Amino acid sequence: MSGMNRLERWESRTQTPLMIAALVFLVAFAIPIVNPGLPSSVLRTCTVVQDVIWGVFLVDYAYRLVVAPRRWQFVRKHPVDLAAVALPALRPLRLVAALSFAHQVAGEKLRGHVALYVTTATLLVVTISSLAVLNAERGHPDATIQTWQESLWWSFVTVTTVGYGDYAPVTGEGRLFAVGLMLCGIALLGIVTASLASWLLERISEPDPHRQPATAADVAELAEEVRALRAELAGLRGPDQG
Amino acid sequence: MSGMNRLERWESRTQTPLMIAALVFLVAFAIPIVNPGLPSSVLRTCTVVQDVIWGVFLVDYAYRLVVAPRRWQFVRKHPVDLAAVALPALRPLRLVAALSFAHQVAGEKLRGHVALYVTTATLLVVTISSLAVLNAERGHPDATIQTWQESLWWSFVTVTTVGYGDYAPVTGEGRLFAVGLMLCGIALLGIVTASLASWLLERISEPDPHRQPATAADVAELAEEVRALRAELAGLRGPDQG
Amino acid sequence: MSGMNRLERWESRTQTPLMIAALVFLVAFAIPIVNPGLPSSVLRTCTVVQDVIWGVFLVDYAYRLVVAPRRWQFVRKHPVDLAAVALPALRPLRLVAALSFAHQVAGEKLRGHVALYVTTATLLVVTISSLAVLNAERGHPDATIQTWQESLWWSFVTVTTVGYGDYAPVTGEGRLFAVGLMLCGIALLGIVTASLASWLLERISEPDPHRQPATAADVAELAEEVRALRAELAGLRGPDQG
Amino acid sequence: MSGMNRLERWESRTQTPLMIAALVFLVAFAIPIVNPGLPSSVLRTCTVVQDVIWGVFLVDYAYRLVVAPRRWQFVRKHPVDLAAVALPALRPLRLVAALSFAHQVAGEKLRGHVALYVTTATLLVVTISSLAVLNAERGHPDATIQTWQESLWWSFVTVTTVGYGDYAPVTGEGRLFAVGLMLCGIALLGIVTASLASWLLERISEPDPHRQPATAADVAELAEEVRALRAELAGLRGPDQG
């Protein structure tokens, strides 16, 4: 733990509890949207749970902002955390931010990590979007998206940029979430292609074993040889001149 | 054959018969879906053929699991094989798994192999999806996909992420297959782009013949020269001191 | 300012005022399209503002053409400027051209600049397209795009290549703008993927610290060592022969 | 011309006339489809022109096959030529084949050539597809594509993978052409992305001028220095031992 500043210590300690809190938030967010017919006591409990966890996130964000060595940089580097705390509609995104922190800690095997992160983030974004859009659309007279099954189907059709148009949001709020989901779809396409391209390029450009480039170590070894030669020559000169 | 473990020996021996069995399975899977009006004896034969071949795949998977040097690694490395054996709806995927094995054996000329593999796998996935979705949709009152021609057309429209929406699945099972097909479409786009990018990069970055990097061999040759020099110097010193 | 030719001096001096003029043009272009019901005096003012700014752009283009060292090359390198001056329907594109100039000036940190430029250009193209298509469609009896909210939604659905088809242009002019927007969408997809791929490849191919390639400096240092050795040998030979 | 075999000589001589013939074919192919109401004498002339030019292509293909050094390789390397001659519906593709030959001749500046070739080929494929699909669809009772304007709009919506679904082919033949166009769209996306990625990677990975890798020439120069040293030493040894 030594060598970390207070921000890093706090983040590494709170990582697991905050991810669990974010998951609980997602469940409490999903229940009233998927089953609006539940008894009102259950729905009220869900609202309370959401508010409490949002309070926890607010305290967490405020504490990290206070102990951050450079506050402005912290705000700029954690836009998703800020959006999740500031905009009620984007609160579920806090889960993606929690995930993003887990990713920053991990070091090696970048491509594998990217693949795992992208898969998890895509599933989360699809789930959250389907819930948020269902919440925005339900009740609107022209809405085609009326159940969670339809909303989830619409989310997959959108994130893959297929876009059948059998379901499409009609409310302003629903369309805002949809645009966010489409941009995630473009990022998804991009990251899948980029991973495949980097894998292909690595496999194809594997170096010819007969034409290994000379390393600095090879040259240093040779320089050692020349220096030994010079030392011997100096020894030769000494007795000569004596 | 020496130098192979029992798993590799088994796989290289069973490769061709299993691919033929998978093709027969696909035909026996397709016939009742495409022509549901055939006499029931034909349909029953198709079901029996499917069950027998599935049994063969089950035995094959079990045997490979038993002889695998590291069982957990084997399970993790062959997810399609497992899915094809465990989930009745995904049995036709066994054909893709058979193909995948053929790919692992091949060594050189990666890009050509990737192109061939992707083309074959895409055609297979499109065919299998169109059959599975037709099977799931037909009979549903709101279904737009009612014939194999329509289902195949829908599959191509989906895998290329065009998504007109003139046909779209309406059942839960049909939509599950559709999401799988969309993800294959994204992978297809990715692999096409990646292959083109690696080809372009290779062609463009062909090294300048006047600035070939020094190889380890170049340096080793030079080091030999220096060592010879040192040996001569040692010979020079000897008579001097004698 | 010394070392610049007259064209570069002019462009660096007029850059900021022309960007402001282009933004004012966009506002004067947007107002009558978004609110066609405004009093006619406001609408007439907007038209006058557009015409005046277009005159400014025409003078700017003519002046730059006159002072350009190579006129034909200037015309070929600034196609968007020419289109924005020559074709009334494409005048708002002058804003993208202004942006493009800002990009050429910037030097380092290419990927960050590309990301910022692509984001701004995409937002501009989406805004301009939504206005131009709304202008072309409104009033047509079969048009589905009737308000700016719908037009903006349609623009995002198109530029991300999702294409639900809930809204689509029906007039020739609207479809021409739509094709331009689709091609921008393909470029957007391409640039996102390319940036991610270059980032991944850079991160993955970070060189092994134990196998750093030999640099020309390493070899030059070694050559210095050998030359010193030769000089010493020459010194050894001198007294020997004396 | 010396150093070329008979096939290459023939191809370089016939390149321009065959491209003109292919363009005339495209016009004679387009006229009856776009204006089916023209007098029958004009339509008959168009049919005759198409048949004559097809005959020319048949003779050209046959001659090239006869003089090709390796016939089987020739057939495999020119699949579009063969398809354009063998399948009446694909005759217009001969224009793309003519273009493809022009591309093979060009040598340097690969990325620029790729961009030009892709733009031209995409425009050609879009034009040809729109004509072929219009030809297949018109007259079908359920067809939505009834005029060339609609068909061209549908082609752009398809090749960019947007796919609104406001127009979609309903005949088997129209759908076959549509699948071809979709695959071209995927290739278009791939090549745009690949070109941008290769451009970005080249610009970003420009080598650090302070860490230029050692070239084989650097090491060869050093080896020369060492050899000179050895020669001097040999000269030193000679008088010593004498």
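Going in written order, the chains are labelled A, B, C and D, and every chain counts its residues from 1.
Note that a contact is a pair of C-beta atoms (placed from the backbone, for glycine too) under 8 Å apart; a residue touches a chain by one contact, two chains touch by 3 or more.
Everything numeric in this text was worked out from a predicted model, so none of it was measured.
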Exercise. Could you label the subunit A-subunit C interface same or different, taking same to mean over half of its residue numbers are used by both chains?
Key: different
Self-check item: Chain at maximum distance from subunit A, centres defined as averaged CA atoms
Solution: D
Self-check item: Euclidean distance of C-alpha centroids - subunit B vs subunit C, Å
Solution: 40
Quiz item: Quick one: subunit B and subunit D, Cα centre-to-centre, how many Å?
Solution: 28
Quiz item: Could you say which residues in subunit A touch two or more other chains, in rising order?
Solution: 161-165, 189, 193, 195, 197, 201, 213-215, 218-219, 222, 226, 229, 233, 236, 240
Quiz item: What part of subunit B is in contact with subunit A in the complex they form?
Solution: 110-111, 114, 158, 161-165, 168, 172, 175, 178-179, 182-183, 185-187, 189-191, 193-195, 197-198, 201-202, 213-220, 222-223, 226-227, 229-230, 233-234, 236-237, 240-241
Quiz prompt | Interfacial residue positions of subunit D with respect to subunit C in the complex | solution = 149, 153, 156-157, 160-166, 188-189, 192-193, 195-197, 199-201, 203-205, 210-215, 218-219, 221-222, 225-226, 228-229, 232-233, 235-236, 239-240
Quiz item: Of all residues in subunit D, which touch subunit A in the complex?
Solution: 161-165, 193, 197, 213-214, 219
